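Given below, in the form of structure tokens, are the structures.
Two complexes, one shared chain (chain A), two partners (chain B, chain C).
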Partner chain A sequence: MDEDKKSSRPGVIETEITMGPVHSAAIEPYRVRLFVEDEIVKDAEITVGVNHRGIERIMEGLPVEKANSLTEKICGICSNSHIWNSVLVAEKGLGIEVPERAAYIRVIMEELERLHSHLLYLAHGNEVLGHETFAMRLFYIRETVMELLRMIGGNRVQYGVSIIGGVRPRCELDEMRIQKIIQGMDYLEEKIADFADRFVSDPMVISRITGTCPIPKKEALRLAVSGPTLRATGVELDLRRDMKEYDPFEFDVITQEGGDVKANLLMRVLESFESIKIIRQAIKDLPKGPITDRSWEMQDTDVIKSYIEVPRGRLYHSYRLEDGRVRGSIVRTPSMTNIGAMQYACIGHHITDAQLGIVQCDPCFTCTDRAIQIIKL
Partner chain B sequence: MEASTIIYSTAAVIGTIIVAFIVSLWLPGIERKFVHARIQQRIGPPISSPGFMAPLKFFFKETITPNSPVPRLYNALPLVAILSIFFILLFLIPQMYFLGALASVIAIVGLLKVEEVIYVFMGSLSQSVMSLSMPFPDVVKGAKHQKVTRSFLENLSSLRAFRLIAFGSFPLYLAIFVPVAMAGSVFLGDIVSYQQIHGPILFTVAGAIGAIVFFMGYMILLNEYPFAILKTKADVIEGPYMEYAAKYRAYNYIARGFLMFALGALFSVLFLGIPPNLFSVGILVNIVVALLFPIFMAVMSAFSPIFTNKQFYPVVTGLSLLGVLAIIAAFI
Partner chain C sequence: MSLKSYSRARAVHVMLVYTGGCNGCDIEIVNSIFSPKYDAEQYKIFLTWNPREADVLVVTGPVTKHNEKPLKAIYDAIPEPKAVIAAGACALMGGVYKNIHGDIPSEEIAGPVDKIIPVAAKVPGCAVRPEDVLAGAVAALPLLLEAK
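This part shows the complex of A and B:
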């Protein structure tokens, strides 16, 4: 049990309440054991492993193009992030320079996906709060993003935009598409601002989320928390600052204080405005020229690693190429490092807030679930 | 008593109960279709679905044995709830006022308490697969706190039901006693007579405050958001209802709709002086109140998050103080 969280009766745990792997508050299969005393969580343990699909194993030996497409299947929310990062690994290894226009389109897709992910996060957070009306309103707002993603990628999820050397020809942004994105950003900015005003002025909601399940900055750093959940504790760390794809764009790294549910929810709202800002800049300065470089040649590489900032935090992909095939692929999603924070956030709070404490860290256990359990007989 | 009077009274009682039952089947649909769905800008279910078609469907489903230490008792509890609500409605009908003590506020409170206590039993008798009995290899070597007592989610809702009995339903009972204080009698007949002479209690200061407290108490008793601590989706999921299937689940649906009508009729009797009687125009007022209450409740619940103890206790304390104030005002 974490010593920082004081107990009136240290060491006393009355009951264990287990939730999952199937539970109405969890949109994915995972198990949480809550150790409670008078409905106050004294300790928590999250177990994953129900959704193991062995994608890295399936990738082994596949042609790199096929393997890249497969990475999209890791997540239904940040599928673009996975294929982008996987493609970046190959591009780094093969020394491919992506055309500037393609890099801009990739950034537009990534920021649209961030909007989609953050709006989904806010909607799910409100569902767990028990505020279905807010959740429904957010799903309506999110619909615009989904339609823009479908327009560019051809699907509402798993768009297949990035390929080695650029983006797919069908994802080219013509004038009609550009106009639709501009209109979409105006609509989203207005609607998200309206929602934020309504959200923060609701006393009942604020009462539920203020000071609920906080993660102090020191603990967040100790637990290696990543992404918006870390920034909600006050740490200004965003990998987009170090990514060359984001160099042309002006944006602020949003931080909040306290790391509680309120800070996390507001964090996503404010980051959405930054994403809109980046998309507008990318559309305004979209360079002319080709969107794919096909002049590269396949060769064997050492293990190449790539980190990018995705909606939930830091995403890691690595593999090496051998005869054009993928070897030793490793994927690590941000939720893996955030599990410790989820457990920590629940402690000392009411059992109804426990799921909220987990959800505030934006878990994606289905993406995370690739660990192999080795049982020694 | 003349035979014609007996026939008239019997017809009135049976007719009123039937009308109440028919109306109650539509109340959940009105709540969900016309309020929740409209507010949330979605189509919503067909109006007949939540209260009528869903229970009807459940009657034709295969009945399973619930995962409970006493399955028969567990399955019988919704019927006990329907029975207690039936008696509440029965004693509210003016033709039953001759029963004396049974047609009094005390009997109504007692029957409401029976309805509340049922949830304690339901929760403690349910051991669903959604809870502790779901197979998962998590208590193995290396897992935390291996020798701790493990509890079902329904046990938690059972404890919450106990808290609701002890504390949560206070506002409703305080509001019920406002008309008693004004009429100076616990008998429903006297309360109705008082209002026929002095006008509806609702239109007095004490009555208006009492009505507000009654409405909030109505929401708490029906476990509607934000007071739905008994069946919070974020933790206990469906709470005590988790193991009900087929016709037993249908009984639960029917009990909830029936309770909505019964509490609406109770409000009409206590605050408007209009008891439910099929052969009187007053039944329309009862039906209107029964329709309005779920609508107001749905509006409130659509704009509120679920409460935890941090919000629930202060709200209930505030409402209870308001109820006490209404009783004091009634004496003044």
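This part shows the complex of A and C:
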């Protein structure tokens, strides 16, 4: 945690271990360079860019509806967050009031997505830990969420629920769907609690992950880490507290201490329970009424910005509208800032912990790969 | 039946290569092999990350320019006989990334996959469904088993 531990590459480092772009431990293509001395990682460097598809440039000049559904293709894990935030940008600019029922359905989708993302994180984390049985069990639990997402949106991955002014008519929640969601939530709560009990009572797993690759609170704030990775270091910062969509719901902002792998894994387990809580409240108080407001008119706008809290942290979208077309679109995904934490977490630890340190920050390099320029001020 | 094809009939190893899609297909493919619900492992289909062990290469994503060379290198490293499955809309025709701007050529995308390496089976979908992945893997099996 001292000054000399971090990023100044000390003198000559003899061994450099590189991974990627395609590597067994990392499903996504990215490149890691680990500078190793006596099996201890002295410096780490993560490079993205292999995956660059130039989404923002493709979005330039597209009609806004088309551009919104394109943002969904940025990421296959948090696709709903992208389309939701992109739609929010347009709604803010055009002054559209979303019907209450539509806002509730969007929140339900977002929380379902958070559940599936967190369960995927836990499964991937356990796989990297070498505990394949836990990973398979988590994949089985996750399947319930995937079925619910498929039921509402019609597809298992890219469900495209939000449109400008509400949600798609297909995603209306009728009585049968509501019953299925309630059943699913009961099942998930029981199974995740069961998993958590098993997980924390396993001494082998706990001894492996306690105190591994910690990120101190101060460093996390300096590196502008966001989302659950930040909250795992003890900072109580959740954008959902400030979002007006989440005003009707009661939920706790979970924090953990230490920012090590254990804190991060438990963080996701506890957040899953909060998501279940929010979904139950939304289902209970689901307002009646229309789900789409079509009484809006297209007009030119200034640059509009929108931040929302997504499973991995803080997501930023901005663009301006010109003749119903998108101009100057900018997207910043949470993993962009979390890369700093990933590099930090590896340094000073044994090389066998390095992959765990990267995975504990919940990397999603696919969404992160876009044209960026880092300017040092 | 040679020793190689005898052993191959009992354990088909699938390698997943990811060339710039959105993560959706990859998770579904890992899901279809790994998750207890679909569980391709019960049909002796295993996921590997070593090209020298692999029999089937599953490629997802539209193949970005940066990924073209690594993909060729991985394809060359797999021993004969081998089969390539292109999974997902991006791997089949470049997906939205290549096609949304009409006829204007894309500067980022080198794909689709069959431009770069020969493809044996194609699995459609955005994202692919696990059932379709299993069907695609089964369709590619005769190529491996009948080879001398």
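As a convention for this text, the second predicted complex is superposed on the first by the 360 of 377 C-alpha atoms of A that agree within 3 Å, B and C clash if a C-alpha of one lies under 4 Å from a C-alpha of the other, contacts with A are read in each partner's own complex, and residues count from 1 in each chain.
Everything below uses one rule, namely that a contact is a pair of C-beta atoms (placed from the backbone, for glycine too) under 8 Å apart; a residue touches a chain by one contact, two chains touch by 3 or more.
All figures in this text were calculated on a predicted structure; none of them were measured in a lab.
> Are chain B and chain C a fit on chain A, or do they clash, once the structures share the same frame?
When both complexes are placed onto chain A, chain B and chain C end up clashing with one another.
> Based on the superposed arrangement, let me know which partner A:Q158 touches: chain B (first), chain C (second), both, or neither?
So A:Q158 only meets chain C here.
> Given the touch rule stated above, what does A:R208 touch, chain B (first), chain C (second), both, or neither?
first
> Which partner does A:K66 contact after superposing on A: first (chain B), second (chain C), both, neither?
Touch status of A:K66: second partner only.
> Using the superposition on chain A described above, determine whether A:E14 touches chain B (first), chain C (second), both, or neither.
After superposition on chain A, A:E14 lies in contact with chain B alone.
> Touching A:S318, do we find chain B (first), chain C (second), both, or neither?
neither
> For A:I351, select first, second, both or neither according to whether it touches chain B, chain C, the two together, or no partner.
The first partner, chain B, only.
> Answer with first, second, both or neither: which of chain B and chain C does A:E143 touch in the superposed model?
second
> Could you say whether A:V22 touches chain B, chain C, both of them, or neither, answering first, second, both or neither?
both
> For A:T366 in the superposed arrangement: first (chain B), second (chain C), both or neither?
Only chain C; A:T366 stays clear of chain B.
> Among the options 23-31, 41-49 or 59-67, identify the stretch of chain C whose C-alpha atoms clash with chain B after superposing on A.
Of the stretches 23-31, 41-49 or 59-67 of chain C, only 41-49 runs into chain B after superposition.
> For chain A, what residues appear in both contact lists, the one with chain B and the one with chain C?
Residues 21-25, 136-137, 140, which sit in both footprints.
> In their complex, what parts of chain A are in touch with chain B?
Chain A residues touching chain B: 13-25, 31, 33, 35, 39, 43, 45, 47, 126-133, 136-137, 140, 202, 204-205, 207-208, 350-356.
> Show me the residue ranges of chain B that touch chain A in the complex, using the header's touch definition.
Touch residues, chain B against chain A: 36, 39-42, 130-132, 134, 136, 138, 143-145, 148-151, 153, 156, 159, 225-226, 228-229, 232-235, 237, 302-311.
> Spell out the residues on chain A that touch chain C in their complex, using ranges where they run on.
21-25, 27-29, 49-55, 58, 62, 66, 70, 73-77, 79, 120, 135-137, 139-140, 142-143, 155-158, 364, 366-367, 369
> Give every residue of chain C touching chain A within the complex, in rising order.
Its residues touching chain A are 16-28, 30-31, 34-37, 49-50, 62, 64, 66-67, 70, 74, 95-97, 100-101, 107-109, 126-127, 129.
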